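Okay, handing you the structure first.
As written, the chain order gives the labels A, B, C, D, E and F, with residue 1 at the start of each chain.
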Amino acid sequence: MSAALKDNIKKEIAAELAVANAQQLVTKMTENCFDMCVPKPGSSLSAAEKNCTAQCAQKYIMAWNLVSRVYITKLQQSGQR
Amino acid sequence: MSAALKDNIKKEIAAELAVANAQQLVTKMTENCFDMCVPKPGSSLSAAEKNCTAQCAQKYIMAWNLVSRVYITKLQQSGQR
Amino acid sequence: MSAALKDNIKKEIAAELAVANAQQLVTKMTENCFDMCVPKPGSSLSAAEKNCTAQCAQKYIMAWNLVSRVYITKLQQSGQR
Amino acid sequence: QEIVQFMEAERSKAKIQETVHTFTNLCWNKCIKKVNSAQLDGSEQQCFTDCVGRYLDTNIDIVKM
Amino acid sequence: QEIVQFMEAERSKAKIQETVHTFTNLCWNKCIKKVNSAQLDGSEQQCFTDCVGRYLDTNIDIVKM
Amino acid sequence: QEIVQFMEAERSKAKIQETVHTFTNLCWNKCIKKVNSAQLDGSEQQCFTDCVGRYLDTNIDIVKM
């Protein structure tokens, strides 16, 4: 197999994983932020609900990144893989 | 492949999907209606608990059908598939 | 296939199932006991939290064994498998 | 390929049904506090309709971010 | 085919264990409010037994509907 | 085998990310009661850090039992 072909396959695998991860993140964010910001859904999202959702989503991503850093550090400390 | 054989295969695939969907519905209905109608399980189901469960199950099916109609309409409006 | 080889394969299959079951049990115990015993996580587990977790885990295993017995008895009574 | 096409269609139907299960469960928790009848009354129907609608709006807003 | 049969049996065992995990988790939330000892006391044992029994009864009633 | 090795590495990455999703969701419920800003403030950051740490400690204690 040529190096170029190998690179292509690797890129595709990595891209598929990245997409699956992003979808999972969006699903969890939507679930948690809808639950927190839209307790009683009305006929449309109010400005306050939209604002809350936008802040919530950014907060959720920051939390995800923090948890990721903390967890990977713990994994490395304990020598587990 | 004969048309009759094709039809048979299609029927089997459709039936399998229908069974899986019905099982999922029964599982979710049981979970939610047990949680709501039997907060403190006793030595047998009381008449009130049985009545609540029966009403709850019918309500759940109506909710499923409504959600299904609303969701499919939204999908069609947004041109997604 | 020799009887010895068959036995080995069976042992491996059974061991794999046992490991998967134990992992699932540990995951569920950790989730439930962390939730109950560590409502506000601090910089380390307190003695009270550790004590609660140890008791909770033993309780959870007893509950699992009880539920298992009750469920299998019900399955046998109803003639299902 | 007729069968393959049919399977594709069934698979996309299964995916939609899976989402309907998720939404029904999620909106049930928001819309039904207790069971008084076997019917969905008007305000419950409205709640489910709004719940699905606003959930999808929230999802779209998040994806667009 | 001995191995195949054994695998079938193990698979059905795995399915039962999966249900036991689900029931234990569900009934834990109904029966255990706080942890005071490493034992299941009498009323907790009764609660788990009734919880599994009534859950199965509810399931049967719903399927029969 | 270079590809196989790469796939192994990606799979172990996917497993870690799956755990990160689980922990974020679980600690979100413990640490965030309402949304007042788009930032994680200091005490929220501390809460997530402690939540992951103590969850892993609890897990280790249980496995060692």
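The working rule: contacts are C-beta pairs under 8 Å (C-beta built on N, C-alpha and C of every residue); 3 or more make two chains touch, one makes a residue touch a chain.
Chains and their UniProt names: A, B, C = Mitochondrial import inner membrane translocase subunit.
Remember, it's a predicted structure, so these values are computed and weren't measured experimentally.
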Does excluding subunit C break the complex into separate pieces, and if so which chains end up together? one piece
Chains in contact with subunit B and also with subunit D, listed by label, are none
Chain located farthest away, centre of subunit A as origin (C-alpha): E
Most widely separated chain from subunit F, with each centre as the mean of CA atoms: B
Any chance you could check whether A-F or A-D wins on number of contacting C-beta pairs? A-F
Taking each chain's mean CA coordinate, subunit D and subunit E are separated, in whole Å, by 29
Here the gap between subunit C and subunit F, centre to centre from mean Cα coordinates and rounded to Å, is 22
Counting only Cα atoms for the centres, state how far subunit A is from subunit E in Å. 33
For subunit A, residues contacting two or more additional chains: 33, 37, 54, 58
So which bits of subunit E are touching at least two other chains? 53
Each chain touches its two neighbours in the ring; listed from subunit A on toward subunit F, they are A, F, C, E, B, D
Which positions of subunit B touch subunit E when the two form their complex? 26, 29-31, 33-34, 37-45, 49-50, 53-54, 57-58
Can you list the subunit E residues touching subunit C in their complex? 2-3, 6-7, 10, 12-14, 16-21, 23-25, 27-28, 31-32, 34-40, 44-45, 48-49, 52-53, 56
In the complex with subunit D, residue positions of subunit B that touch it: 1, 6, 9-10, 13-14, 17, 20-21, 24-25, 28, 32-33, 36-37, 52, 54-56, 58-60, 62-64, 66-68, 70-72, 74-75, 81
For the complex, which residues does subunit F have touching subunit C? 26, 30, 47, 50-51, 53-55, 57-59, 61-63, 65
